[in-house]
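In the two complexes below, chain A is the common chain; its partner is chain B in one and chain C in the other.
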Partner chain A sequence: MEITWVDIICVLAVFLSLAIISTRRIVGMIQIFSLQSLLIGLLPLLINSGMPSAREILVAAGTILVKAALVPAVLFWAIRHVSMRSEIKPLIGFGTSVIIGAILIAGAFRMSLSLKIPWVAQYDLLVPCSLATMILGFMLLVTRTRAITQVVGYLVMENGIFLFALLLFDVMPLLVEMGILLDIFVAVFIMAIIVNHINEEFEHAPATFNREKMGESI
Partner chain B sequence: MLLLLLTIPLVCTVLSLLPMNNRMRIMLLLLVSLGHAAMTASFWRALPGAEFNGIIVLDNIGLILLSVISLLFTSVSLYMIGYFDHEKRNNRVFVLCLSLLMSVMSLVAVSYHIGLMWVAIATTTLFSAPLISFHRNKNSLEATWKYLLVCSVGIAMALMGTFFLAISAHGLDTLLLPGLLNGAGQLSGNWLKLSVIFLLVGYGCKMGLAPMHSWKPEAYGHSIGIATVIMAGGTTQCAFLALVRVSQICSKAGLSGFYSSILILTGIISLVVPAVFILGERNIKRIFSYSSVEHMGILILGLAFGGPGIFGSFFHMVNNALAKVAMFLTAGSIAQKYGSSRADDIKGVIHAYPVTGVFLLAGLFAGTGMFPFATFFSELMILYAAILSGHYVAAIFFVVCLAAIFVGIARVVFEMVYGEPTVPVLAKKENKFMNISIIAALVILAGIGMWLPAHLENIINGAVQVASLK
Partner chain C sequence: MAMDDRTIIAILFHWAIAILLAPLFVGIISKTKAILAAKVGPSLFQPYYDIVKLFQKGVVYSRTTTWIFRVAPVIVLAVMLVLALMIPFGIVKAPIRFAGDIFLIAYLLGMARFFIIAAALDTGYSMEGMGASREAFFSCLAELALFMNFVTLAFKTKSLSLSSMIGADAPVRWEVFGPSLFLVVISLFIVILAENCRIPVDDPDTHLELTMVHEVMILDHSGPDLAYMLYASAMKLFLFMNILVPIITPIYSHDAVVGVIVFLAMLVGIAVTIGIVESSMARLRLNRVGNLLLIAFVLAFFGFVVALWKTI
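Up next is the complex of A and B:
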C-alpha cells in the first residue's frame, strides 16, 4: 500500500480533532479547527492526479476561505468577551475525553471495514478518518456545556462530512457543493449571533447554561 | 416562472433592510405574500415548465406544499398588522427572515435534485432560528439554542443520508429525481437502506417526529405565535416532502415494505409520546406543540399505509397547516393579551374576550380532528387505510392516542375558556386583523371539510399518482 498525501492529511485531521477535544482554551480550539479546515481544504486539489481542474480549485478555495478564515473570524468575534475564553466543567474530564476519543477512533476504523463502497476506493484511509472525525465532533458537541464549544463540535462534525463528500466529488453539481458551504457559513453566523445574545442576556448569571434546564437537549 | 416565484420574496428581504417603520415592513410582506399566492394560483391552472436542466420542477406534490406556503404567509402577514400594534420591538430581522423563509421553502417545493433539496431544508432551519428568539429573553434564547443544535445534528445526518444515496446511485451518476426513479433497479440495496435510515432520522428531526421531538415543546412554547405557525405548518411539512421523495424512490426500488415498516414504527411513537406527555402540561403553547408532533406522526402514517392513506396524507398537509394557523395564532393572541400562556394565569377567556374564547374552542376541535373540520376527514381516511392494509394494531393505537390527546387538550382549553375569570394583566381590545386571519383559516378548514372542491381533489389525486407511480 502506497501512502499518499491524501491519506496523510486524513490522519492529521483525526489527530487535530483529538487535539481540539483535549484543549482547554476556546481560542486554541478555534485555531486548531482553522488548521484542520485548511488541511482538508487542500484535499480537492490532491484527490485526482494531474493538474487540478477549475472546479477543484474553486471548491478548494471556497472551503479554505469559508472554513479556515471566515468561520474562525466569526467565532473569535463571538467570544470577544473575556468571560468566555475557557471551557468550564465539561461533562467528561479532558483526560477521560481523550481516552474515550481514542476508543471511538478505533471503533470508526472497525466500522469502516464493513462499509463496502461499490467502486474501488482509491484512498484507504478516507472513509475511516471521515467517520472518526464525525464521531469526535459529535462527542465534543454532546459532552461540553458551553454554547461556543458546541459550535466547534458541530464544525468538526461538518469537516468529517466534508471528507466523506470527497468520495462523491464527481457526482455532486457545483451548485450543491457551494450551497452546502454557504449553509455552513450562515449556520455559524446565526449561531454566533445567538451566542452573543445569550452572552448579553446571561451576563450577570454564570455564562454557562443551567444543566437542569438543558438536560434533555441532546 | 418558477425562478420569478423564488426571487419575489427576496425583493421584500432587500427592501426590509431600508429604514422604515414596523407597519410598512408588514405591508411589504403582505404584498409579497399576495404576489406569491397569485403566482401559486396561476400554477393551479397549468404547471409551469422545468428550469435549470430539470433541477427545478414543480409537480403536484410540490404544488400542494406551495399552496400551503402561500396560505401560511398570507394569513400570518395579515395577523402581524394587528399583532405589531401592541408590540414595540423592531421587526426588521423578523420580516427579513420571514421573507427569506418564503423563498427557501418554495425552493424545497420545487427542487428535483436531492442535494439541492437538502440545501433548501437546511436553510429553512437556519432562518427560522431568529424567529424563535424574537423576544430575546432567557427562555426564548435557550429554546433557540436547543432548536439549532438538535436540528443541525439532524440536518447533518440527512446530509450523510444524501451522500449514502449518491453512493448507492453510483452507476446512475445523478441525484435528479427522475433519473433515480428510472434507474431505481440499479441502486445498490444495502447503501439505499442505510441512506433511508439516515434520511428518516435526519428529516424526522426537522419534522419533530417523536424520538427526535425534544426541541418542539421548547421552541414552540417560547416563541411568538407567528413564528410557530410558520414552523408547525411550513418548515416541518417541507421536511415531510423530503420523506415523500424518499418514499417514491423506495417504492421504485422495491424497498417500500422496509420503508413503510420504519415509518409506521416512528409514526406510532409520534402518537404515543404526545398522548402521554400532553396530560401533564399546563402551558397552552406547549400543549399545541405536542399536538404538532401528533400531526407529523399522522402524516407519515398515511404515507406508510398507502392506498387511500396517501390521499389522506396530502389532504392532511393542507388541513394541518390551516389548523395550525387557527391554533397557534389564537394561542399567540391570548399570550399577548394575558402576558402568559400558562393555564393557571388565564381563566374565563370567553367572558373577557368572547371572540378569542370561541377561537380557542374552534382551534381545539380543528386541531383534534372533529367534525366538520377537514382534519376529521383526512384522519378518517388514514385510519381507513390502516384497516384496509391490515395494520389493525396500528389502527387501535391511532384511535386510542387521538382520543387521549383530545382529552389532554380539551381539559386545559375548557378550563381556560370557562374557568372563573381573572382580571387580564394587559387589558387590550380584540384586534380585527388578528381575528380576520384566524376566522379565514377556520372557515376554509370547515369549508373543505364539508365540501371538497373538485379542483383541489384533482390536484391531490394528481399528487397521489406522482407519489405512487409504480
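Up next is the complex of A and C:
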C-alpha cells in the first residue's frame, strides 16, 4: 500500500489540530490554523492524479485565499485591542485536553471503521482524519472560555468538514463550494464585529473594573 | 551466533568505533550553536580534550556522601558501554540482540538514571535534589513516549528486538509505513531533546542551578567521576541518535560503503538539527515541559492508530 501526499497532509491536519489544542497563545492558534488551511487547501490539486483542472485550481485558490489569508486577517483585526493574548482558564487543563484529544482521535478512527462509505481506496486516511479534525475542533469549541478561541474551534471543525467533502469533490458543483466559503467568511466577519464591540465596551470601563466578575468572554 | 575469533574481533572493532565516535556529536552540536550565534566556538574535539583533562585531575569527595556517590559514575559508564553493544549501529546489527531487548535497553537507561538521581540526592545539596526531582518527573513522561514509539515500530515490524525493528535491512520503509513513521520521527525527536537535556527541556549551558535539570545533578562530581558522567551523557546522545537515524533513512547492508557514508552523514545532520533547534528556541517553563512530553506521547499514539488503520 503506497503512501501518498494526501495521506501526509491528512495526518498533518490532525497534528496541527492537536497543536492548536495545546497552545495557549491566541496568536499562535490563529497562525497554526492558517497553516492548516493552507495544507488542506492544497488537497484539491492532489486528489486527482495528473494535471489539475481549472475547477480544482479555482477551489484550491479560493480556499487558500479565504481560509489561510482573509479569515486570519479578520481574526487578527478583532483581537488588536486585546492585551491578554493567552488562554487563562480553560474548562479542562492543557495536559488533560491533549490526552482527551488522543482518545478522541482513537474514537474517530474507530468510528470510521463502522462507516460504510465507498471511498477511493488510495485515500483511506481521509475519512478518519477528517472526523478526527472535526471532533478536535468541536472539543476546542466546547472546552474554552474565550470567544476568539471558540471561533478558532469552529473554523477547525469547518476544516474537518472540508476534508470530508473532498470525497464528493468530483460531483459537488463549484457554486456550492464557493457558497460554503462565502458563508464561512461572513460568519467569521460577524463574529469579529461582535468581539470588536465587546472589546470596545470593556475598553471604556472604569479603572477598577474587575473582568473576573463580568465573566471573561473575549 | 558462532563465537569464532573473527566475530569477536568484529564485535570489539564495532565497540571501539562506537566508543570513540560518541563525544564528537556533542562537539558538533556546540559548534553549530556557536556558528549560529556568529561566534567561532570551541573545537569539534573539545569534549575529548575535556575528558582527557578531567582524568588527569584528582577527585574530591564531600563528607556527606556515601558509597552511592562513589559508585554511581561507574554504574552509569558501565550501562552506557553495555548499551553501545545493544543498539544497532548503521550497517551493523547489534552484537547483543534477542527478542525483547528493547525492554532491557529502556530499563538499563532507567537504572543509569536512577543512580544519577540517587547520587544527586546523596550529596545533600538542595539544588541537586531539585534537579533530581525534575529529572525523575520528566523521565516518567519521556519513557512513556519512548515506549509508545517502540510499540508502533514493534507492531509494524512484528518483532520485539531493536535490531529487527530498525537495524540494517529492517522492513521499516517509508513507502509502506509513511504517515505513522512521520509521527514516530517527530515524537522520537522530542524524546531525544528531553532525555539528553537539550533545549527546550533543559539548557545545557546555563550557570544557574535554579534552572538546571541534568547539569545540576553532576555538579559535585570531580576528576575521573565527572569524566565518566560527561562521557556517559555523550554516549547516551549518540545512542539515541542511532535509534532515530535508521527510521529516517533505511540502511541496507549489501551496499556497505554507501550505507556507512549515508548513516554518518545523517548522524551529523541530526546533530546539526539539534543545534539549530537549540539556537532558535528558549527553554520552556518547567511546568510546560510536561505538556511537551505529553504531546510527544500523543503523537506516538496517533502514529500507532494510523499504523493500525493501515492494516485494515
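Convention: the second predicted complex is superposed on the first by the 194 of 218 C-alpha atoms of A that agree within 3 Å, B and C clash if a C-alpha of one lies under 4 Å from a C-alpha of the other, contacts with A are read in each partner's own complex, and residues count from 1 in each chain.
Please note the rule applied: a contact is a pair of C-beta atoms (placed from the backbone, for glycine too) under 8 Å apart; a residue touches a chain by one contact, two chains touch by 3 or more.
This structure is a prediction, so every number in the text was calculated from the model and none was measured.
A.B. asks: For A:I105, using the defined touch cut-off, is the partner it touches chain B, chain C, both, or neither? Pick first, second, both or neither.
C.D. replies: It touches chain C, and chain B stays clear.
A.B. asks: Answer with first, second, both or neither: which of chain B and chain C does A:F138 touch in the superposed model?
C.D. replies: After superposition on chain A, A:F138 lies in contact with chain B alone.
A.B. asks: With both complexes superposed on chain A, which partner does A:I161 reach: first (chain B), second (chain C), both or neither?
C.D. replies: A:I161 sits against chain B, while chain C stays out of touch.
A.B. asks: Please work out whether A:M29 is in contact with chain B alone, chain C alone, both, or neither, and reply first, second, both or neither.
C.D. replies: Neither: A:M29 stays clear of chain B and chain C.
A.B. asks: Is A:I194 contacted by the first partner chain B, the second partner chain C, both or neither?
C.D. replies: In the superposed model, A:I194 contacts chain B only, not chain C.
A.B. asks: After the superposition on A, what does A:I117 contact: first (chain B), second (chain C), both or neither?
C.D. replies: A:I117 contacts chain B only, not chain C.
A.B. asks: Between chain B (first) and chain C (second), which, if any, makes contact with A:I8: first, second, both or neither?
C.D. replies: Only chain C is touched by A:I8; chain B is not.
A.B. asks: Please work out whether A:D183 is in contact with chain B alone, chain C alone, both, or neither, and reply first, second, both or neither.
C.D. replies: first
A.B. asks: Looking at A:L125 after the superposition, I want to know if it touches chain B, chain C, both of them or none. Which is it: first, second, both, neither?
C.D. replies: After superposing on A, A:L125 lies in contact with chain C but is clear of chain B.
A.B. asks: Chain B or chain C: which reaches more residues on chain A?
C.D. replies: Looking at chain A, the partner in contact with more of its residues is B.
A.B. asks: Looking at the complex, which residues from chain A come into contact with chain C?
C.D. replies: Against chain C, the touching part of chain A is residues 1-3, 7-8, 10-11, 14-15, 18-19, 22, 94-95, 98-99, 101-102, 105-106, 109, 113, 124-125, 128.
A.B. asks: Mind pulling up the chain B residues that touch chain A in the complex?
C.D. replies: Of all residues in chain B, those touching chain A are 55, 113, 115-116, 118-119, 122-123, 126-127, 129-130, 133, 136-138, 141-142, 144-146, 148-150, 152-153, 156, 159-160, 163, 166-171, 173-175, 188, 190-191, 214.
A.B. asks: Show me the residue ranges of chain A that touch chain B in the complex, using the header's touch definition.
C.D. replies: My answer: residues 116-119, 134, 138, 141, 147, 150, 154, 157-158, 161, 164-165, 167-168, 170-173, 175-176, 179-180, 182-183, 186-187, 190-191, 193-194, 197-198, 201-202, 209, 213-214, 216-218.
A.B. asks: Per the contact definition, I'd like the list of chain C residues that touch chain A in the complex.
C.D. replies: For chain C paired with chain A, touching residues are 174-179, 182-183, 186, 290-291, 294-295, 297-299, 301-302, 305-306, 308-310, 312.
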